[in-house]
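These notes are about the structure you will find just below.
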Amino acid sequence: ETGATTDEGTEGGGEQLQGEIAIDGSSTVYPIAEAVAEEFMLEQPDVQVTVGLSGTGGGFEKFIAGETQFSNASRPIKDEESQALADAGIEFTELQLAYDGLSVVVNKDNDWVDQLTVDELKKMWVDNGTAVKWSDVREGWPEEEIKFYSPGTDSGTYDYFNEVILEDAQINKTATLSEDDNVLVQGVTGDANAIGYFGYAYYLENKDNIKVVPIVNEAGEAVEPNAETIESGEYAPLSRPLFTYVSNAAIADEEAVAAYAQFTLENAAALAEDVGYVSLPEEKYTEQLETIEGLK
Amino acid sequence: MKMALTAVNSKKKPEMMEQEERLVYNTKNLNLWYGDHHALKNINLGIKEKDVTAIIGPSGCGKSTYIKTLNRMIDLVPGVKTNGTIEYRERDIFSKEFLVEELRTRVGMVFQKPNPFPKSIYENIAFGLKIHGIKNKQIINETVEKSLRGAALWDEVKDRIHEPAYGLSGGQQQRLCIARCLALEPDVILMDEPTSALDPVSTLKVEELIQELKERYSIIIVTHNMQQAARISDKTAFFLNGEVVEFDSTDTIFNSPADSRTDDYISGRFG
Amino acid sequence: MENTARVKSEEMVGRIDGRLMKNKVIKGIFLAATAFTTIILMVLLYRIISQGAPYLSWDFFQNFASRRPEQAGIKAAVIGTIWMMSVVIPTAAILGVGTAIYLEEYAKKSALTRWIQMNISNLAGVPSVVFGLLGLTIFVRVFGFGNTIIAAGFTMALLVLPVVIVASQEAIRAVPNELKEASFGLGATKWQTIYRVVLPYAIPGIATGSILAFSRAIGETAPLIVVGIPTFVAFLPSGYLDQFTALPMQIYNWTSRPQVEFHNLAAAGIIILLAVLILMNSVAVWIRNRFQAR
Amino acid sequence: MKTPNQDVSPVQQLLEKKYNGGFLNRREKIIPIVLFIMAAVSVLTTVGIVLTLIFETVTFFKDVSIVEFFTATEWYPFSNTDPVYGIWPLVLGTLKITLIASLFAIPIGLAVALYLSEYASTRTRKIMKPILEVLAGVPTIVYGFFALTFITPVLREIFPSLELFNAISPGIVVGIMIIPTIVSLSEDALSSVPEPVRHGALAMGSTKWETASKVIFPAALSGILASIVLGVSRAIGETMIVSIAAGSTPSAALDLTSSLQTMTSYIVQVTTGDAGFGTTIYYSIYSVGFTLFVFTLAMNMLAQFISKRFREEY
Amino acid sequence: MKMALTAVNSKKKPEMMEQEERLVYNTKNLNLWYGDHHALKNINLGIKEKDVTAIIGPSGCGKSTYIKTLNRMIDLVPGVKTNGTIEYRERDIFSKEFLVEELRTRVGMVFQKPNPFPKSIYENIAFGLKIHGIKNKQIINETVEKSLRGAALWDEVKDRIHEPAYGLSGGQQQRLCIARCLALEPDVILMDEPTSALDPVSTLKVEELIQELKERYSIIIVTHNMQQAARISDKTAFFLNGEVVEFDSTDTIFNSPADSRTDDYISGRFG
């Protein structure tokens, strides 16, 4: 399988490229980026690829400063950031790499939650000044205070959750925030009244210790996150795309960057699944490959 | 040399023969090893109350070792083995029942280099009382004054007893260390070359002090200065290679020693 | 007089048992504290070793980072750390010892000297993140080094510099004056005396103090994060202006991954880091013993 | 210059040549200058830190009122609607962690140091110190997970009401982390009190404890204080342990059982996070960094003042 | 006491009157202050070549200060002010052209406490040569042997010259320090109480050595031991409170001093 992509990937006639490629940005996207870089360097050992994890915003900061060619993001670029890029004279292209299904999870001993709607999520998570008990969410649930575990307010994951669930309302101030998703896993595992959310990969890895909550989508079905439901878009609205942004000038000027962009799109599907994310539908990659072709 | 010493010695006040022969320390067949090194060999020595007993001998002969054994400071050296007994006022100092803390309270020690505590003059002297649970301010104040007077230091420092002891000159520091002992009203004071780090003036002062102290305390003093031994002591023990060669009245030792090695040493033929 | 003295003495002697008891109890408490500390640290070590030891293999040393835990290795991080330390150690040692010599041997007791001295002890307490911010602004941006070995190395060197200075000062101050006098007395110049008498004597002290500081530089994560050191680097640097990654960065990254295998790899990485620390400390002990055999 | 009856030795000949040839040594003049420049680096570092922090801090205060910064009791920069920048919760978080760490580490650290210097055999000391020193270099992420996955569960067994993220567990672990620093430096200070001073006390019949507490400890006080200051500075500056085990909720509550955020963990959160360059949030890390710098500066000054007051010369 | 000293003194070999009066040091109107403390007051002293000149006087009288001024070691003490001149072989030691390094090379110094470098015996002696740029191995080897012989130490250490100097006894260390001076073939050797930290045996050895060295070197020695001054010196200067009270041949000083203060001090009436 990889053999096939190799031939296409080095279509310059199997020539060996040289150069340096600096990638930085989202820690959520990092595993995919690392996998791509790892595979790419097997084929092009003379191209030195580095991947950092300064976070989506930190990545853009470097991208704007012209220090990186690719900037990984777990959310779409913000207006201020594209403005700053425009000011710096850097044109860019957005590439979607994969989906991540934000997984809402509860403690294993939680036997009452079977599914949640977006409204229920919002009711729980938005700060309305009163402490929320499970019984406030649905009749018959225990009269226990809910313990919230959320990624830090400065993360792409939080950003997305904010967009689709909180809709810019203040998150419940009793929520425990942590930058490290493993820490959140620990939180939910250790607390019977806990609820939390984080990247699908973290749920997948810990599925024996925590329970994922099916979320009711617009069609009214309660859907559990898994590879199919995320890819097909059934798991909504909590599946989100992951991006990398690439500098157009770099693609045009540096063969290695163009080859890398191409390689990324060709292999993202397989590699994303390898590291616990979900691939996009095939045609999305093809479309983007064409865009790249046009920039060369 | 010998002549000179005699001259000095003759100035000493006559021995008090009338006093009954009470021993503060009685050492019997004491042997001591540092690891394999046999440092004290079969020492037998009875030390009389209210005497100044000088211990002389060439470097390395075991003077410091012996004096440190008397208050068991030698315990602090790892790997030391002893046998034989030392009796302090008829109690075996090596026995379990005789706590070193008690022994050291009754037997004060003055070291070669003045070693005051890095505290004020006052606190240096109050230290001993405080650790022994004496808290009464008045008793402490009185004792501080009494001890400083006893060490002939009071007049020099009375205006600055709350200043650091390290501001004193070497000789004053040494007298402070003596005062520190006196505060506990010891029975015996051990001194290991107490003046060897001092200048002549300070040495003289300390020697004078020793002369006064002997009225009330038994004093055992190690010195490598034979003139000093001659000047201040009643009895002298001559150590050589870990053995007591001769122990007698200072007069005898310096003027008509029984052993030829003593004579050789005294007259500067070696050591 | 005689009488009161005796009485007092008896009274004091009577209290000895209580005092000894107190001494014993306190010794017990201290011993317990020592045992407690040791045990906690042993538990910490045990957890790391039992988790990481199975992952230590030749491949682990040979391989670059990988998305597959079983292929992932620590080569780039180890080599990167070595490169970084090759900046940190000479920079901090030369600046630190130089500063210490200046302050101890040349500086007059002036307000300026006192101010420099105070400044150094303050710097020793400045959090490492703040040094990270400094490195980011000065070395990465203003000097334009980017997030390279030299930028990270200088940042870390500044971070440990105060500790090196203070340790060196103490070591230099401990050189007996008599030795300096002996050297001057033979007609040696000031620098000859410093170079041939003071420094050789002070080296064990300088080395032990500094190695502790360098151990800290090896284990610090926060400044590297702030400076923006990349994590995935699948090549070895060939110069000081190359990018690199370092052990704590790699460990940090692995601990934050979802897969438990990566957490185990992190533990294996920590074992390596501890091994490096132990090695460095042994060097310190060796230096101390070697030079103190005088 | 030579006495005539003495044959001129090669040594004197060489020396003679040296001095007749002039003994102008430029090196002796240049070296102090070079060394002074080296000493200036540490001053420049401070200047660099202050400048780095102050420029961005000033920019920050263009967006945020300085009054709010010091008086508001909420730190909520990420709110899309109305962000609040009141430094107090972060300062409080730092204080809580520092306080718990100090309460834990100072007594234990000093007890261990006293044990090693005054009671333990030379051998024990020789083994223990390097071990402790190695542990001083364990990366703090390791301690962080130790807090979260070991200490916290143990504490929660004992106090079930303790939340997963709290001040106590990371506080204790920060304490554990700084114990080696305190032990190592205090032990140095204690054992550098000259042996004769120790003997002086013992010879008066004092027990080891009395010697240690009344003589050795006060004599070593300034060194001990320095070790405490360094340890506490590290507690104030500690980042990873707190980020991992204390959560990241800036909280103005005095309660120790719930999640909090410190100044340092905020800085790391933002640098690894999402904040865009040039945003107020981005500048806020410099203002927090500056506050932190002032904080440690104040503590160091205080400590130097104290140590000067209690210094006992020996 | 005086009698004793005379007795010792009489053993000394007669002064060499035949030697022409050449001065190595000529001190003129020297004053020295430590800050405000006037430590040396108008010193005038001419020191003859190949003499052993002893400087005696009670503690604090300025002996060390004076001897440290002779090779400008006093420069190391901050806050010292001087006026007047000292000429070494007719060259002003305070002048800019006379580098202290040269002065100290020509004038060796031995200190109160033996202070060998923490190096091997060999390296201790080679040190002086090396700093002066002498690298020739053969010259160094020869000089090491010659100097150790000169210091009467060769036989004792020849089998272990590459072992650490700290393994030597105190007296050997002090002779090593003398050997270290000799390696530079100095013209004058200054000694500040060189035996005060030594035991009697070692003292004797060092004294004997000084007697030998005076054949080739001019020696200035500070001592608080009057017997020693009497035993080994040709001339003696008596210092008191920073002033030279009397400077004359040792015989005169000890037997018929001109100044009554000298007499008082010599006969132990103070100091």
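Labels for the chains are A, B, C, D and E, by order of writing; each one numbers its residues from 1.
Here is the rule we go by: a residue touches a chain if its C-beta (ideal position, glycine included) is under 8 Å from a C-beta of that chain, and two chains touch if they have at least 3 such contacts.
Just so we're clear, the structure is a prediction, and the values are computed from it rather than from any experiment.
A.B. asks: So which chains are sitting against chain A and chain C at once?
C.D. replies: Output, common partners of chain A and chain C: D.
A.B. asks: Please give the intersection of the contact partners of chain A with those of chain E.
C.D. replies: Joint contacts, listed by label: C, D.
A.B. asks: What's the chain with its C-alpha centre farthest out from chain B?
C.D. replies: A
A.B. asks: Considering B-D alongside A-D, which chain pair is linked by more C-beta pairs in contact?
C.D. replies: Pair with more contacting C-beta pairs, A-D versus B-D: A-D.
A.B. asks: Farthest chain from chain E, going by mean C-alpha coordinates, please.
C.D. replies: A
A.B. asks: How many angstrom lie between the centres of chain A and chain B, each centre taken as the mean Cα position?
C.D. replies: 83
A.B. asks: Any idea how many Å lie between the Cα centroids of chain B and chain E?
C.D. replies: Centre-to-centre distance between chain B and chain E: 34 Å.
A.B. asks: I'd like the Å distance between the centres of chain C and chain E, where a centre is the mean of that chain's Cα atoms.
C.D. replies: 47
A.B. asks: At which residue positions does chain C touch at least two other chains?
C.D. replies: Expected reply: 16, 19-20, 189, 255.
A.B. asks: Multi-chain contacts only, two chains or more: what residues does chain E have there?
C.D. replies: Residue numbers touching two or more other chains: 101-102, 105, 132, 184.
A.B. asks: Would you please write down the residue numbers of chain D that are in contact with two or more other chains?
C.D. replies: 205, 207, 210, 268, 271-272 - these are the residues of chain D that touch more than one other chain.
A.B. asks: Can you identify all of the chain pairs that touch?
C.D. replies: Pairs of chains that touch one another: A-C, A-D, B-C, B-D, B-E, C-D, C-E, D-E.
A.B. asks: Okay, in this complex, where on chain C does chain D touch?
C.D. replies: 16, 19-20, 22-23, 26-27, 29-31, 33-34, 36-38, 40-41, 43-44, 47-48, 94-95, 98-99, 101-103, 106-107, 116, 118-134, 137-138, 158, 161-162, 165, 189-191, 212, 215-216, 218-222, 225-226, 247-248, 251-252, 255, 270, 273-274, 277-278, 281-282, 284-285
A.B. asks: Can you tell me which positions in chain C touch chain A when the two form their complex?
C.D. replies: Within the complex, chain C touches chain A at residues 64-68, 146-147, 228-235, 243, 245, 253, 255-260, 263.
A.B. asks: How about chain D: which of its residues touch chain A in the complex?
C.D. replies: 76, 78-81, 148-149, 153, 156, 163-165, 243-245, 247-249, 259, 268-279, 281-282
A.B. asks: Name, in rising order, each residue of chain C that touches chain B in their complex.
C.D. replies: Contacts found on chain C: 1, 5, 8-9, 12-13, 15-16, 18-20.
A.B. asks: Where on chain A does chain C make contact in their complex?
C.D. replies: Interface residues on chain A, with respect to chain C: 20, 22-24, 27, 30-31, 33-35, 37-38, 41, 45, 48-54, 58, 62, 67, 180-182, 199, 201-202, 204-206, 271, 274-276.
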